[in-house]
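Consider the two complexes below, in which subunit A is the common component and subunit B and subunit C are the respective partners.
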Partner chain A sequence: MLIVENVRKVYRVKEKNGWFSGKWTEVEAVADLSFRMEPGKIIGLLGINGAGKTTTIKMCSTLLTPTSGTITVDGYDAVRHDRLVKSRVNMIAGGERMLYWRLTARENLQYFGSLYGLAGSELRERIQSLLTQVDLLDAADTPVERYSKGMKQRLQIARGLINDPRYLFLDEPTLGLDAPIARQLRKHVKELASERGKAILLTSHYIQEVEELCDEVYIINKGRLVAHDTPAHLTQSLSQQTTLHVEIPALGDTLDHDLRQLALRHGGSLDISLTPEQSWEITLSAKMDLTAPLLSLLAAHQSAVLRLHTKQPTLEDVILHMADRRGA
Partner chain B sequence: MKILLAQLWAEIKKEHRHSFHSKMIYFSLLIWPAIMFVTAYYSFAPFRMGADSPLARFIDPDQLALFLLTGYLGYIFYWCLVQSAWQMSFERQAGTMEMIFISPVNRLTFLYGRSLSSLVQGVWLFFCFVLLALLLVGGIHASGWWAIPLAFLVLLISAVVWGGFLSVLFLFSRDSSFLYTVLDEPMLIFSGVRLPPLAFPFWAKLISLCFPLTYALRLVRSLMMEGAGIAAVGTDLGLLGIVLLLLVAATLFLVKRAERHMKETGNMVLY
Partner chain C sequence: MYQVAKATFIRNTLVMIRAYALSFVIGHILSGVYTVLFAYFAYQYVFAGQLDAQFARFSGSDDYLSYAILGGAFYAFAVSTLMNVSRSLITELREGTLEALLLTPSARHGYFMGNVLQQMMRTIMEFAVILTVGALFGLTLQQANVWGGIAVWILSTAAFFCQALVLGSLMLRFRDTYITQNTLFVIMAFVSGVTFPIPYLPEWLWPISQIMPLTPALDMFRQCVILGKPLADCLPQLLHLGVLSLIYLVVGAWGIRRMEKRVLETIFG
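So, the complex of A and B:
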């Protein structure tokens, strides 16, 4: 198990002030963060830009030292026994970096495999197996510079698995990928956890991806943990309100008054606007679902309904809400 | 040990495949030193180079061409094997440096493997030098067949150690390229590439002692121009050994400091 306990990371940054003088300031990237990674589970680390996601991943993968707190991997301290930890972890980032473009996929994997002490038939077999898994066997001996973005990303996955890590950190792994390739990649990530028992930590800006893949989600903001639960529970428990959008052909004074009363009674908010098509759009938000009373009210006023849709809160709304709340 | 050698070989192969993808590079490698050699040789031409010239106290005027040729061979050999240090910025830009340091690979193996990646060019350069010296310049005087491979090994090992030392300096900062100016030109001037360090004033002699190329060139010239035996070069070999050991110790110390620095500041991703 990978256990992160009360981890804090502070960077010292020099702010230049003219040619010769400067001032050192401290920037807290991660503050008092704790979480666990367990075999076979995918956890999501979410937050808006600058929340501390990448810093957290880099601390877990031994690329950064925490300023305080501890990270243990299968009982080994990630700072004191970093060599032992390194053989158990790996990282895959989105984008086209972290590969040697002039080398072929096979050469890349041979090189990265050798860094983990793999050699001979063991390395050859593992490379063959990984290239098959990521469907790059046919292009194995083509230089990476001739690969498409999706192929490079698949090679990244093979590279990240070359040491058969128990703990895998995926930092925006589907960044910039087309939908079908991203879907294929998500399927592969899910299999890594469910079938091969990898503990995976995922950061992504694609909320749908997180909702689909993650067993648990940690939301961090400005380096601090603000929420932790399953994606479904988070959207339920942290949901602010349900928003109804209704379009009606005409709006009389009485209906306008009754709509405002309805919103007031339930502590909601109401917005009424005239559309370019000369119909009226009613936006009603409240902590409870007001679809039924709203429709009853419209029926009582014999108002036709041109369009109606309900917007349930998503994980994205939750993150933005948490960020706003903390930022306020 | 087997793993270390496999990692060293993997680094050599990767770096060589990555940096030397065109065969033209091998030929271009000969043009630059040839131009440098001709420039230096004809720079001496307007001056009196007879037996009573000031330089004759340090170099046999008849051996000036070979002296310069060995000097530039040593310099280019070093240049070849240390250029990987200047390419460390590529590893930062490509993000591959993080992938190297996320792994448990031995850091010294990584650094020396990078230097050794130019081994093929080094062998090629040395072969061309010997051929050129034998056919055109003449004057090679070795006390035995072993002197030639020994001279090659002296250059190779010292250049690899020097290359590893420079590479580690590039781990500290993306702005380490100023070291190229600070170290390369003084090495060319003070190591005895064009002038023997014995001809230098005292302060310049002190500077020359800082560069392993000084000791390596003295050994190469003793072995290939003066026909020195193994006993005669023993002291110089010992001195070079001490200098190289100090450099390895400094590299080991610095690589630990550099990694700690990178882990604290996160500057591994800056480029």
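So, the complex of A and C:
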């Protein structure tokens, strides 16, 4: 198990003041953060830019040293036993970095495999298996510089798995990828956890990706943990309201009155406005979904419905809500 | 460690062949030829084949062409080794592969050793070209103590490697390669006795020449190759090279570790 306990990371940043002078200031990127990664589970680390997600991943993968707190991987301290930890973890970042473009996919994997102490038939077999998994076998001996973005990203996944890590950190893995390729990658990530028992930590700006993949989500804001739960629970418990948008051709006084009563009964809010097309737009927000009672009411008044749109809260709303609340 | 060194050697060779196979060979041959021609033309047309009496006293021989050609060859060897090793990490940083490298539990000295070995392959080639062309323009090696020369060459590789660690730290610190390396190379060329003996320099520059590993390395190499002396006769220079190597190694290893950390903190901070 990977355990992060009360980890804090402070950067010393020099603010330049002219050519030769400057002032050192401390910036707290991560504060008192704790979480766990367990085999077979995918956890999401979410937050708006500068929340401390990448810093957290870099600390977990031994690239950065925490200012205080501890990170242990299968009982080994990530700072004192960094080599042992490095052999158990790996990281895959979005974009086209972390590969040697002049080498082929096979040569890249051979090189990185050697850096992890793999050799001979073990390395050859693993490379073959990984290239098959990421569907790059046909392009295995083509230099990476001739690869498409999606192919590079798939090779990154193979590189991240070359040491068969127990813990995998995915930092924006589908960044800039086309939808079909991103979907294929998500499927692969899911399989890594469910079929191969990898513990995966994912950061992504694509909230749907997090909702689809993650068993648990940690939301951090300015380096601090602000919420932790399953994506479904987070959207339910922290959601504000369900909002209905209905467009009708005509609005009589009685219907207007009944609509206001409906909103009042459910502690919701109602807004009615005339559209440029001379129809009426009703916006009804409440803690519960009022689609059924609203449609019944409109049917009772024999009102036609030109358009109906329901807006459920998403994980994105939760993150923005959290960030706003903390920022306020 | 050896596995990492071997893997890095293979990786660098593949990259080199794919990146600039033809220009690499031509470039190294030409740089060797230019070194020889510079020495030849300077001696024949600037000095008109005339040397003052002090030269023989300072260098132990009046064979200026051999002196300058070997100086140029050894300088090229020093520069190539320094450049290749010191730029390795900053190149990884620029190409976006540093993180992937630092994520692995591989030994850093294995990585550097791979870089040095690959560099040796290049410099052997360049050295061979210079000696071959040099032979046509007045380089005489009749008295050469070949094994002594090879031993000095190997020891010098280790010394330049140690110096490269310090240079590499500075490059990572300033995120610059061009100004940092070229400043050092120009100073080295001027103060280390590449084309003229150090005593010709003003005395206040002598201490600078003594902190360059190239100075004792080149002196020993000439003693073995031009004068045919055994390596045992070069004990003071050997000691000098050993002490400098040790100092550069300690400072460089500390500096590289520190700068790696600093770079990572700067990138993510």
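By our rule, the second predicted complex is superposed on the first by the 290 of 328 C-alpha atoms of A that agree within 3 Å, B and C clash if a C-alpha of one lies under 4 Å from a C-alpha of the other, contacts with A are read in each partner's own complex, and residues count from 1 in each chain.
Here, contacts are C-beta pairs under 8 Å (C-beta built on N, C-alpha and C of every residue); 3 or more make two chains touch, one makes a residue touch a chain.
Keep in mind it's a predicted model, so treat the numbers as computed, not measured.
**Student:** Do subunit B and subunit C fit side by side on subunit A in the superposed arrangement, or is it a clash?
**Tutor:** They clash: once the shared chain is superposed, the two partners overlap in space.
**Student:** Tell me the contact category for A:V27 with respect to subunit B and subunit C: first, second, both or neither.
**Tutor:** second
**Student:** Can A:R196 be said to touch subunit B (first), subunit C (second), both, or neither?
**Tutor:** The answer is neither, since A:R196 touches no partner chain.
**Student:** Which partner chains sit in contact with A:K58 here, subunit B, subunit C, both or neither? Use first/second/both/neither.
**Tutor:** Both partners, subunit B and subunit C.
**Student:** Touch check for A:F112: first (subunit B), second (subunit C), both, or neither?
**Tutor:** Touch status of A:F112: both partners.
**Student:** Quick one: is A:R146 in contact with subunit B, with subunit C, with both, or with neither? Answer first, second, both or neither.
**Tutor:** Touch partners of A:R146: none, neither subunit B nor subunit C.
**Student:** State whether A:K187 touches subunit B only (first), subunit C only (second), both chains, or neither.
**Tutor:** In the superposition, A:K187 touches no partner, neither subunit B nor subunit C.
**Student:** Which parts of subunit A are touched by subunit B and by subunit C alike?
**Tutor:** 11-12, 55, 58, 61-65, 83-84, 86-87, 89-91, 93, 95, 97-103, 107, 110-112, 114-117, 119, 159, 163
**Student:** Could you list, by residue number, the parts of subunit A that touch subunit B in their complex?
**Tutor:** So the residues of subunit A in touch with subunit B come to 11-12, 55, 58, 61-65, 83-84, 86-87, 89-91, 93, 95, 97-103, 107, 110-112, 114-117, 119, 159, 163.
**Student:** What does subunit B use to touch subunit A in their complex?
**Tutor:** These residues of subunit B touch subunit A: 2-3, 6-7, 9-11, 13-14, 17-18, 21, 94-96, 98-105, 260, 263-266, 268.
**Student:** Would you mind writing out the residues of subunit C in touch with subunit A in their complex?
**Tutor:** Residue list for subunit C touching subunit A: 3-4, 6-8, 10-11, 14-15, 18-19, 95-97, 99-106, 261, 264-265, 268-269.
**Student:** Given the complex with subunit C, which residues does subunit A contribute to the contact?
**Tutor:** Against subunit C, subunit A makes touches at 11-13, 27, 29, 54-55, 58, 61-65, 82-84, 86-87, 89-91, 93, 95-103, 107, 110-112, 114-117, 119, 143, 159, 163.
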